[in-house]
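Here subunit A shows up in two complexes: once beside subunit B, once beside subunit C.
On to the complex of A and B.
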């Protein structure tokens, strides 16, 4: 409960700070300290030191797993603010409001990591999404930003409608708002003499709308446009913390999918995984803009995270999901932080970066290596854990082989950027870069490597 | 009245909404169709609530089963209102820049 309450309060604090001061440095510092307060509040609940005791009638049930995910999300947000807070204040005139909206999104993250039942799932997804529609359109004079925002909004609320229809049909079949693995639903399946059509239709609609939220194929079409059109700082936030939270909600609502709904569901999940991986990786190869390439790569990474859903709630897959969230968020935040400093987002814009700004090029290289899953970086163990989880749950071997082959394809387009930075001549134009920014980038890169060597450094926190 | 009629009505409304979203080109009409989808869901939830409540009343005269669906309807209304405020703001922002709310304008990001 701590994280939900404190993040909502901090959002209000940020809105008021916008009234009292227009000094961007002060606003930035309040937000950064706020995230630390949020992290501390969450850690206090995790270690049973202090937590708000509110009777939610089991609508919200906090577990150590969800709290630990909160820690990762808030930690990643802290790193994001350290690297990019000054760029957030440059997007428009309402600096404080952007931070307020980020805190409201974090409130949604906290609900999605602890919801129990479809009502709170719906509320959490909406609290997560609505501020993002605004953040996407925050560059008000930019037509691309406007267009991305309108597109995201229309498609997002459309998928909300579909999700609600799914929930309503599931309610009609079972008589409660329990999750897919709940006893009410199992009872309804057993009690039904013929196949429960309402239930099947409802679960399919819910699956489709959750796939939309995490941009899994065939519901990924909005992702490239929205990620490309949104201001780059907010694309960084959307494609990391928000996406990981959406994926966690997806996995939590559908955990034990196959044991409850029967093995036929393998067809649907297999189709979602393979098409997401294929579309994400193959289309990314043809992109000339690095920002758009990262949008497609985030679709591809969602395909890997779906393996945690496929793994049917095994221990290793749950750990893998956390590790994936951490590794993917860190790497993407740092590559976007570098991207924002460049004037030209095309691949040629990276030419010769290693000569001009060796620190930026090095940090980008480590992040790209991690994203492609090269050993000694966090991305390797993240991919290994989710795939091992799928195998352990009795997954089909062909699926794993397809995933590994497509990971090899992803190496191609990630390495094109590295090649441009180190082996091509050019004079990239960059915004002014401070020493603190470079130090933070180095720290993130070190963190990625540490997680790649000792993934248990992170995961052991889950158990004591 | 049997529950089937309600289900057919709600699915019909919902489908009209979906067809509207997919075929209309005016952002505000698309938005209205989305609202129609949400309201179809509201109607369905209330109908199901009554069904489950009637079934439970047969066993227990003071049963409150089914109340949570009506609660859900209120949440949907509140969230829909929040979406309206954000959505209309976005459409107005769009209108200020291009003087049109036609979503065929949305093709700058394609290339």
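On to the complex of A and C.
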């Protein structure tokens, strides 16, 4: 509960801070400290030191797994703010409001990691999404940003509608909004030998709308345009923390629901995984803009995270989901932080960066290596855990072979950026870069490598 | 403790090396570091008790992976090769100048560390780690300091090997879930509950990775380009040591893990290897570029070793071990000469060379000895190796041995043709002003030539080093 309440409060604080000061540095610092407070509050609950005691009638149930995910999400947000907070204040005039919206998104994240019924899932998804529609369109004078925002809003609302429809059908079938983790819907599912068609239809609609939220194919079409059109700082946030939270919600809600679909379940997930990986990886190869390439890469990475969904009841898949969330968020936040500093987002804009800004190029390289899953970076173990989870859950070997072959494709487009930075000549124009920014980038790179050697550094906290 | 030192001396030296700015200082640093590694290896292997040859530490207990390294019979030979070749390479190429020399030498040392790791890992996940890590420094070395087409060529090489290693990762996972104690340890991997029918799939997942690295026909297409475009010092590492990763891995991770599948598929693999030998030899005859010629000749030699591995048998496997070492130092010698010719004359084209023997007699003598070793003439070290290899192949199938024998004749053709075109005949416009080989390269070559002849006359030390491991391997099978 701590995370939900504190993040909502911090959102309000940020909104009002805009009234009292227009100094961007102060606002920025309040936000950064705010995230730390949020993290501390969450840790307190995790260690049973203090938590708000509110009777939610089992709508919200906090578990160590969800709280740990919160820690990762808030930690990633902290790193994100350290690296990019000053760029957030440059997007438009209402700096304080952007931070407020980010805190509201985090509130949504906290709900998604602890919901215990379909109703709370719906509320969480909405709290998460609505601030994002605004952030996407926050660059008001940019037509692309406006277009992206409108597109995202229309498609997002439609998918929310589909989700509500699914929930309604499931309610109709079972007479229960579903306590995913206790009695209620779960009991009804187990009791029903032959699940009613109404329920099956509802589950499939829910699957479709959750696929939309995590941009899994064939519901991914909004992703490239929205990620490309949104201001880059917010793309970074959307494609990492928000996507990981969406994926977590996806996995949590289907933890028991998948039994409804019987053997069809694996066919559906197989299809989702293969098409997501295929579309994400193959299309990314042809992109000339690094920002757009990262948008497709985020689709491809979602395909790998879906493996955790495939094997959602095994311990290793759950750990893999957390590790993937951390590894992917760190790498993507750091590569976006570098991208934002460049004037030219095209591949050629990276030419010769290693000569001009060796630290930026190095950090970007570590991130790209991690995204491609090369050993000694966190990305390797993330991929390893989810694949091992799928294999242990009896996953077909062909599926895993397809996945690793597409991972090899991903090397192609990630390494093109490395090639541009190190092997090509050029004079990239960058925004002014501070020493603190470089130090933070190095720290993130070091963290990626530490997780790549010793993932237990993170995962062991799950069991304390 | 020794294997850990072998891993960390080059690693730490490499990381420190990044901060050196000057050419000479960086080169000195690399030489010192590699000589220390060499001393550690030699003293460790010959003077330390067996208890010092192993090390195990906890790494990821929850998934059954541990940091387990060992210097056993299988790895000693290649560890020694890795340790010897690096100082030779560094000294021989001391006159080469690089932009950002500190980074160059640092990456070379990191590659050495990765190679050591591949050879000493006794844990499949750790092995996979080093398998990839040995590749990354080479990728940067070739892409930054290589020839004109370096970026595309190196990228092809990288993607090729990366696809292979990802398939191997799936294979590792597959075997892992079939181990009895859910562990990545080599001992668990060689003792799984895989049925003979279940071996086929993981066998090929592993085999493709190693076949790309060796390379076995038809997966060899990355190699000549990569050798040609890489800076010479890196080419030496690639062909002297790195291709041995594939051969070594087949011995360590394929034969004991999948004995049934190895037996079933031995014939097609041996045939492919022999086709590759003859094919590469024929292409080598038509080459005009010295680097490409050596590259194709290397494919032919490796093909013979690959054939012998899958043909099995004590003599053949022993021959592979001996020959891996011999081929390593011989080919490094040839690259040093190619480098000397290119750096003094500015060309590698055979058609532009000629009559060099009159201008550079020492170089000619050294080259001829190494050329003889390349054809495996008696009294050179390669003879005993090839003899054992052919012996193994002969016991496997007489016709295949005969076909493989053709490549020896072809080998003599292209090697002697090369010697003739470079050192004899008329002086060309390019070679008219040729000078003698520089003293760094000369002394390294003299050391190599002495080793070639010494091990040719008395190969027993090499055979002793590997005997136990080959016998142990056959017991497992």
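Simple rule for what comes next: the second predicted complex is superposed on the first by the 441 of 464 C-alpha atoms of A that agree within 3 Å, B and C clash if a C-alpha of one lies under 4 Å from a C-alpha of the other, contacts with A are read in each partner's own complex, and residues count from 1 in each chain.
The rule is simple: a residue touches a chain if its C-beta (ideal position, glycine included) is under 8 Å from a C-beta of that chain, and two chains touch if they have at least 3 such contacts.
All figures in this text were calculated on a predicted structure; none of them were measured in a lab.
Aligning the two structures on subunit A places subunit B and subunit C side by side, free of any clash.
When the two complexes are overlaid, the chain among subunit B and subunit C that reaches more residues of subunit A is B.
Once chain A of one complex is fitted onto chain A of the other, the partner contacts of A:221 are absent, as it touches neither subunit B nor subunit C. Of the two partner chains placed around the shared chain by superposition, subunit B is the only one that A:157 touches, whereas subunit C remains out of contact. Using the contact criterion defined above for the overlaid structures, shared-chain residue A:137 touches subunit B, although it does not reach subunit C.
Using the contact criterion defined above for the overlaid structures, shared-chain residue A:408 touches subunit C, although it does not reach subunit B. With both structures placed on the common chain, the touch criterion links A:455 to subunit C but leaves subunit B unconnected. Of the two partner chains, subunit C is the only one touched by A:423; subunit B is not. With both structures placed on the common chain, the touch criterion links A:258 to neither subunit B nor subunit C. Note on the superposed arrangement: subunit B and subunit C approach each other to a least C-alpha distance of 27 Å. Looking at subunit A, you'll find no residue that touches subunit B in one structure and subunit C in the other. Every residue of subunit A that touches subunit B in the complex is listed here, in rising order: 119, 122-123, 126, 130, 133-134, 137, 140-141, 143-144, 146-151, 153-154, 157-158, 160-162, 164-165, 167-169, 171-172, 175-177, 198, 224-225, 228-229. Partner subunit C is touched in their complex by these residues of subunit A: 316, 369, 374-376, 384, 387-388, 391-392, 397, 400-401, 404-405, 407-408, 411-412, 415, 419, 422-424, 454-456, 459.
Subunit B makes touch with subunit A in their complex at residues 3, 7, 10, 14, 17, 21, 27, 30-31, 34, 37-38, 40-41, 44-45, 48, 51-52, 55, 65-66, 68-69, 71-72, 75-76, 79, 82-83, 86-87, 89-91, 93-94, 97-98, 103, 105-106, 108-110.
Interface of subunit C with subunit A (complex): residues 59-60, 62-63, 128-129, 132-133, 136, 140, 143-144, 150-151, 155, 158-159, 162-163, 166-167, 169-170, 173-174, 176-177, 201.
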